[in-house]
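Two complexes follow with subunit A in common, the first pairing it with subunit B and the second with subunit C.
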Partner chain A sequence: MAELKEIAKELLTSGTVAYIIGYASEKNDKTVPFIARTVEDAEKLVFTHHSVNNLSVYLKRIKKPESGKVGLVVKGCDLKAVVALIQESQSKREDIYIISPKCNTVVSDNTKPWNKDNIASKCLSCEVRTPSLFDATFGEIETVELPSDEQIELIKKVEAMSTSEKWEFWKNEFEKCVKCYACRQACPLCYCDQCIVDKASPRWIDSSATVQGNFAWNMIRAFHLSGRCIGCEECNRVCPVDIPLSLLNRKMSMFAVSEYDYKAGTSIEEPTLVGTYKLTDNEDFIK
Partner chain B sequence: MKDYIITAENIQLLVNDVLKQGWDVVSESKTGVNFNAIKDASELAIKSDSKPSKLSMKDFFFPKTEPLFFYRQSHDGVELVDASPIEKKTLFLGAKPCDAAAIPVLSKVFNWDYKDEFYNKRVENSVVVSLKCNYSDDYCFCTSIGLSQKAEQGSDAMLTEQQDGSYFLHIVTEKGDEFFKMYSQYLKDTQAENNKPVESKYPEPAVKFDQGKVKGWLDANFEHDFWNNLGDVCLGCGQCTFVCPTCHCFDIVDENCNYHEGGRMKNWDSCQLCLFTKHASGHNPRDGQTKRYRQRIQHKFKYYEDKFNEVLCTGCGRCTRGCGVGIDIGGIMERIDKF
Partner chain C sequence: MAENSFEPKITAFVCNWCTYTGADLAGTSRLKQQTNARLIRLPCTGRIDPVFIMKAFQNGADGVLVSGCHPGDCHYNAGNFHARRRWAMFKEMMDFLGIDNKRLHFSWVSASEGKKWVDVIDGVINTVREQGPFTQYKDINKETEIPVK
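After this line comes the complex of A and B, so read on.
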């Protein structure tokens, strides 16, 4: 932690960055997003097992500084969103000062202590605890005992369902949706200037939180993130009614790998899946 | 009003009787996400020491989406068809006092000028039996806004969990009295019992602020640097307003329509969403999250009090517990209190 504060102070003092988007402690062990603009602010920065938020979401939500870079504290998993934003020409590598810690997994429930049974599902298959793209890094990797990946089991369970069983499963989940759009707002890759659900004239999607309107919203979002979702699971985390949105996104990501050998947010140089066409692309699902 | 004792078993029998009468019975769902209309007493989840469910029960009085009427266009003109009348009677069982207390708060705004017949009919058709709360966490603050874990506002009767597993039933309103008279076979006289209420494992809510002082500061500080920092990390979703038992803004849209027919829907809306105050001209007077979050605080702790003499909040803490970026409304109130 001392390392992070030192890095931050130096960056703010030298004017390399205009501000640093990081985490600060809140009640109990919880951490919350925090924007450090001064050296005093830098003292408040922390990185713990409770640093769950994907802070790259703020790259598109906070006004760019007039001078200096944006400092961003970002875990290896969330860094994929930064890569995807650069791939999609939404951010420039030279505008961001990436401070990426070595990460020893984060909690699933931010109000409870970190332990083997309270580890975010995205950590269970994580391959980027040591980041590969950064301007500064800190921390040490420790051995972490991981529980089994229940989410992948649930995906297999849903895959094995009949069409009508799938319909029932998702109908029960989507019925709960209140259209708060927290999934969209917390998503670093939901950056459209105007989301299709906010288009009122003409209105393409029912704004009513009916089964029809809820299916339309959640399915369109899943499609729009196919081959783009980097699996930070922020949508799943912020959903106030516990809709398992990650099942959809992870399934689509698995599909991008199996059909197109593409993992979103892997390399800045790589063209995006939906932005390119190869003669060898699999087309047999088009009927 | 009279008090009674009711055993846990008799609550189950009573609920199944109420269901047989064709009533809906609504209680917190076992998942802790929302309130559900149950089909059998075995689905009841009455727990005095549980965290408030993620969604409040306002959906049952002020649904997230509701048709106001339907319309059909023909050669002879436009035909209007009323939405189905609200006839169902509903028993709300085991609601927390901070949930029940939202009803009289909402009733004020839905009867201030136009009388909202949909809302009023639902309130009229409901009997609210709340449960004395034995829970608190870092985000509860009912005691700072004039309520408490045994506040009776909005309840027709209140249960208090006893040490032997039975419940002390305190009747609050005439409506509650009439309801329980129909099921008196399940009630016992309090004299026959010598029991004590369960003691809470949790302390009183730790968040403390003086609402009078906060209101004074809000009156004088519409413009203040304090607001700028609050909006910094807010992502602008509507979670806080939708899980809130008292937030009541709605939008009216025509939907499910083709050229000839459709329905006029009343849907939850949120002051935190970017379209909320956007004018047809494209101008948006609340053009950033800082202004939108200030609106939420001002509406709850100033404007509503100016107009209705009470705050638009029951201190349940749902907005904070659910906030993806940890914006803590109780903590904000405490900070304002210290200015």
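After this line comes the complex of A and C, so read on.
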């Protein structure tokens, strides 16, 4: 953590960055997003097991600072969102100073202490605890004992269901939706200036929280993220009614890997999955 | 017909350059076909947003067919290649959400394939007829009190 503060102070003093988006401690162990603009602010920056938020979400609406870059503290998993934003021309690599720590997993519940039973589900299949793309890094990798990945088991369980069972499963989940759009706001890749659900002419998706509107919204939200979702699971974390949104996202990411050998957010140069095609793409399902 | 009086409503999203013209050819050639499909003509399969498919189900369609030019024949060169990826993903997602793939069909029909169009559309109509009305989606419409047209 001292390393982070040193890096931040130097960057702010030298004017390399205009500000640094990072984490600061709140009461107990909890951390909150924090923007450090001065050297004094840099003292407050921390990175702990409680640094759960995906801060790349702040890149969505950001204006380029007048001088210097935007400093961003991102974990390896969230870094994929930065890569995806660059791939999709929403950000420029040269505008962002990436400070990516070596991460020893984060908590699932930010109000409770980190332990074996309080580890975020995205960490269970993490391959990027040591980041691959960064301007500065810090920390050391420690061995962490991980519980089994229940989400993947649930995906297999849903896949094995009959059509009507699947429908009932999702209907029960989507019925809870209150249309708060927290999933959209927290998602680093949901950056449209006008979301399709806000379009009123024509009204594609019923914007009130009706069963049909909920189904339409969740279906289209997941589809718009198919092959783009980087799996930070922020949608899951912020959902006030605990709909397993990332279950659907992860299923589609798995499909993108198995069908097109495409992993979102891995390479800046690679074209996006839906932005390109291959002549040899499977078309067995087309008559 | 006597034992099963259900007639499905099929929405077919077709591209202007190939499948629509192919269906037109089927008509002008006086080929016999079932008439359960409502054709919606769009410039290209690349223009067929999956939200259209969802909207069709919302508005009471029992099945949907999406059809366009064969790969390599696209009027806009690559529209159908892009669409192919999108469909594959949309179909996979629909299946995971519990919408039967027997209600969602895709095909390539060129402007000269009037006969293929008849085979495809009859096939789709027969498959969906076997499935019966799409009550799952109609029920959520009812709960929402949006009238099904």
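The definition used in the following text is that the second predicted complex is superposed on the first by the 283 of 287 C-alpha atoms of A that agree within 3 Å, B and C clash if a C-alpha of one lies under 4 Å from a C-alpha of the other, contacts with A are read in each partner's own complex, and residues count from 1 in each chain.
Throughout what follows, a residue touches a chain if its C-beta (ideal position, glycine included) is under 8 Å from a C-beta of that chain, and two chains touch if they have at least 3 such contacts.
Please read these numbers as outputs of a predicted model, since none were measured by experiment.
In the superposition on chain A, contact of A:Glu6 is made with neither subunit B nor subunit C.
Legend: residue contacts after superposition of the two complexes on their common chain; A:Pro33 is shown touching subunit B, with no touch to subunit C. Applying the stated contact rule after C-alpha superposition, one finds that A:Glu43 touches neither subunit B nor subunit C. Contacts of A:Asp95 after superposition on the shared chain: neither subunit B nor subunit C is touched.
In the superposition on chain A, A:Asp206 contacts both subunit B and subunit C.
Once chain A of one complex is fitted onto chain A of the other, the partner contacts of A:Glu150 are absent, as it touches neither subunit B nor subunit C.
Note: residues 206, 210, 212-213 of subunit A belong to the subunit B contact set and to the subunit C contact set alike, using the contact criterion stated above.
Those residues of subunit A that touch subunit B in the shared complex are 26-28, 30-35, 53, 57-58, 61-62, 110-111, 176, 178-182, 184-186, 198, 200, 203, 206-210, 212-213, 234, 237-238, 240-242.
Subunit C makes touch with subunit A in their complex at residues 50-51, 54-55, 58, 71, 78, 81-82, 84-93, 95-101, 105-108, 120, 123, 136, 140-141, 143-146.
Every residue of subunit B that touches subunit A in the complex is listed here, in rising order: 31, 33-34, 54-55, 64-65, 137-138, 232-233, 235-239, 241-243, 251, 253, 255-256, 265, 267-268, 270, 273-275, 321-322, 324-328, 331. Those residues of subunit A that touch subunit C in the complex are listed here as 158-159, 161, 163-171, 196, 204-206, 210-213, 215-216, 219-220, 222-223, 226-227, 248, 251-252, 255-256, 259-260, 273-274, 277, 279, 281-283, 285-287.
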